[in-house]
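Structure, as structure tokens:
A, B, C, D and E are the chain letters, set down in written order, and residue numbers restart from 1 in every chain.
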Amino acid sequence: MIQVFANPHRFMAFSKAAQPWLYGLAGLMIAYSLWQAFYVVAPELYQGDSARILFIHVPAAWLAMATYAGMAVASFVWFIWRHELADTAAKALAPIGAAYTAICLYTGAIWGKPTWGTWWQWDDARMVSVLVLFFMYLGYMAIRAAMDTRQKAARAGAIIAMVGAINVPIIKFSVDIWASLHQPASVVRLDGPTMDPSYLYPLLIGALGHTLLMTALVFTGMRTDVMTRRADALLLRQATT
Amino acid sequence: MADALLSATDLAAARGERLLFRDVSLSVCAGEALILRGANGAGKTTLLRILAGLTRAEAGEVSRPQPIHWIAHRTGLKPHETPRQHLALWAKAWGAEADVDSALKAAGLARPADVPARLLSAGQRQRTALARLKLQDRPVWLVDEPFSALDVDARAKLEADIIAHRSSGGAVVAAIHGEPGFAPSGEVRL
Amino acid sequence: MTNPAPLSSAFRQALTEAWAGGAGAFLPVGFFAGAAMLVPFGIGQGNEQLAAIGPGILWVALALSSLVTMERLFQADLEDGALDLWIQTDAPLSAVAAAKTLAHWIAAGLPLALITPLLGLMLQVPPADLLPASAAYGVGGLAFFLWGGVGAALTAQVRRGGLLIALIALPLYVPTAIFGAMTLQSDAAGMPPEALYLGASTLFALAVAPFAMAAALKLAAD
Amino acid sequence: MTNPAPLSSAFRQALTEAWAGGAGAFLPVGFFAGAAMLVPFGIGQGNEQLAAIGPGILWVALALSSLVTMERLFQADLEDGALDLWIQTDAPLSAVAAAKTLAHWIAAGLPLALITPLLGLMLQVPPADLLPASAAYGVGGLAFFLWGGVGAALTAQVRRGGLLIALIALPLYVPTAIFGAMTLQSDAAGMPPEALYLGASTLFALAVAPFAMAAALKLAAD
Amino acid sequence: MADALLSATDLAAARGERLLFRDVSLSVCAGEALILRGANGAGKTTLLRILAGLTRAEAGEVSRPQPIHWIAHRTGLKPHETPRQHLALWAKAWGAEADVDSALKAAGLARPADVPARLLSAGQRQRTALARLKLQDRPVWLVDEPFSALDVDARAKLEADIIAHRSSGGAVVAAIHGEPGFAPSGEVRL
């Protein structure tokens, strides 16, 4: 596997073959979980139909965090070994992670309105952490976009992703103890472990489907990027000869 | 060339989508002065920055066995800094035991020694930057359009300084438009 | 063994620069004072409310003014060519960057901490809380300056640097802002545990930020 | 009859500059959003308290971020020589300065007013209050930018510009801050009288500030 | 001299506590080119700024019956501005109907026309500022070290432009160190 990702040619071959399968499988699994969500599972005891949004909200939340971790690892690999593909991967991961983060925030907010009576709750550690994560994605993408050249974008992106990644645990910790101080008692929440299996399995399958979709999207992004770079290299060579 | 004070092989530089130059090799030994030539925007400043280790080359190697002095358009003066403060600061930062007062006098900066850089004339700012060359003995001088903004006297003095530096075993790489005012040992065209 | 001479020079240059206003380092104090004074007008409520939110507002003002100070620091060094000279010294660039940041903290951050008791009085903060608050602002402010420095170094060469530096630095400010506010709200006698967290987050910033700044500055000069 | 061509050029140059970040005009939005976000951490109180102080906090953040935007505006023009060229155009310098200030208000002040509803929601401001607040921020913001411009022009060539601009501009901000906060707190239906005061204070700024800016800029170029 | 395009009498300038010059009188008529000479810091830039109406003289009068072009060290380019944007902006602000594209080409800026000024080379920035001279016909050119940073071609072109401007009834006042490259009609020593 490492061989595949170390070598652009092998990566292009592998991703070309894998892409259709990934998209297909992801589509099926997500479709299954949504079908379950909207037509099969019973309305939730306390929250009624609004709880069905969980099947989008929770996978989005998980992927928002997993994608940042992936981006940080890719940045680290690029910074140490200067593997161009690692930077390509980090670049492709960022907008996808930002999109999932936005979906998580958005679904959370429209879920919060009927359940808590408010769009936004500063006392909830998870909400606040996700918001901060969203800003970190935006910062990463903005700094890359602001650089004049690809090489500079890679360097700046790697610096900010690594600094961000080592700060994430501290931010999470601080937000957690802060929220634990004034946790309002009125909040109704579902508890993960006690979740009903009729909810849990479609949720897990949906989450897996989104993971595959994310992988497929990253592959697509990376492929475009590799091809753009080849075209640039060609143009540069033509310009000088 | 074991005794090169500075050498570079097969350098290439790109800016934006444009390749400025490639396959540039050069080396300077004691007593030599290399002049970089080329039209505006050809890449002389970029090449000097690569030689100084400030910019990464797209390709190629630079070997920099000896300490260098760096003088460029951006003189390194802070707007509020006076020539005296500037020279004292860098003498201290480099651990050089130079006499700042005499350096100021030699550069013809005795009068405006305590005027903040943002009020200095263009030539006075350039003189201040050039005065750094005398604070510490460093074999290699990388200088970008060193004569710009200098009056006739200051120009003659710098030319004499370069000749003296070369005869005492130093080397110079300079980007210069027009007459250098000293006999270059070689030229690089970009 | 790094040679200390370049570092002390960097420190002194930054200190003079800050006082001479090259980087607008005085803005923060005026800014901070202005913010603290406008708040009562903007809120226009009774004293109890002001007393409750006063310390928090001061934290926010401190965070924002560190951002304002740091914004111009490295950009100015890049534009006037001083950065090129610093890169070529013997000292590691991370140490130079740290020295400069410390100098700016001393010039702009510490005065903020020192005028805090005065402003706190105006904002109806109980006098007994003022000294611990001042210490907390000093320690927390250092973390703000360090992370702000990372943002400033990354955006030194960038268009739209303004938005970017805020976007990059503010998430990194969150732990310090939280621990800082909690330190002040804590009712524990003596040193509250949150004060330890605050100190630890500042130490962490001291350990990490200089290297990030150095990498970003080399990139900016390129 | 003044020739409109230089004015529209000045306006467009300032607008591009603001968006390109030459003067860090984007900072305010990030800054404003950041300030609004840090407040709950710093205050760490329940929703009711936030709702009470939210609009006031936003006023203060607006005032401060206008200060930050304007600070670099004229200084940059002075340093890069553009001010010399503007002085030599046919158009009166006061009109040029007004055009530039308007452009910066549009680039940095209006976006602030526009994101206010979102931030207000997060700060638990009642939704019905959000639109009037947004309008008030827009109008009041213009006054902040104009007075901030006077401060910026006066300090363009000065050491310690940072402190000075805050000292000069903040007192001028007070009427706008007061009328602005009163407008939001007013319970009157329809247009409260305070809104008229707010509008009048902005008109006054529009009438006076450009001439002050022009005089200060000529001095700066000298 | 009723037909002087620019004239000044008994000018004096002081900076800080220092009197830079006094009793300077000059005038230029159509076809003339005056060169300001003096050591670094003598006050050439200050005198030009007084002639342009940017700085107040300590004493004396300037009469400026004709529009002027102003080119100085501080080029007036914004860091983010491209040469194309810069020329288009000033053409519009001055109400000049110049063709920006051909002005760019004439200045040798066709290639870097869309590169922001902060990335341009020193010579390219200077060329952009000089291209303003061609946007609009103005009788008087006040230029401060116009040849600085220019390569040999651009220098020759500017010399030719100055000669053409003079022969079409214009006047030039320039601060120049070294050879002017055209025959000055007079010199002012500071």
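Here, a residue touches a chain if its C-beta (ideal position, glycine included) is under 8 Å from a C-beta of that chain, and two chains touch if they have at least 3 such contacts.
If you're wondering where the values come from, they're calculated on a predicted model, not measured in any experiment.
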Which chain is most remote from subunit C in terms of Cα centres?
-> E
Work out the mean Cα position per chain and let me know which chain is farthest from subunit A.
-> E
Subunit B to subunit D: how many Å between their CA centres?
-> 44
Using mean CA coordinates as chain centres, what's the subunit A-subunit E distance in Å?
-> 57
Whole-Å distance, subunit A centre to subunit D centre, using C-alpha means?
-> 37
How many angstrom lie between the CA centroids of subunit A and subunit B, rounded to a whole number?
-> 49
Touching two or more other chains - residue numbers and ranges from subunit C = 20-22, 158-161, 163-164, 167, 170, 174, 178, 182, 222
Check each residue of subunit E and list the ones that touch at least two other chains.
-> 73, 80, 119
Considering subunit A alone, which of its residues make contact with at least two other chains?
-> 148, 178, 181
In their complex, what parts of subunit E are in touch with subunit D?
-> 49, 52-56, 68, 70, 72-81, 85, 89-90, 92-95
Enumerate the contact residues on subunit C facing subunit D in the complex.
-> 19-22, 24-31, 33-35, 37-39, 41-45, 49, 52-53, 55-60, 63-64, 67-68, 71-72, 158-167, 170, 173-174, 177-178, 180-182, 185
Which positions of subunit C touch subunit A when the two form their complex?
-> 150, 154-155, 158-161, 163-164, 167-168, 170-172, 174-175, 178-179, 182, 197, 201, 204, 208-209, 212, 215-216, 219, 222
If you look only at subunit A, which of its residues touch subunit D in the complex?
-> 118-120, 122-123, 131, 178, 181-182, 184
Contact set on subunit A toward subunit C in their complex = 132, 135-136, 138-139, 142-143, 146-147, 152, 155-156, 159-160, 162-164, 166-167, 170-171, 173-175, 177-178, 181
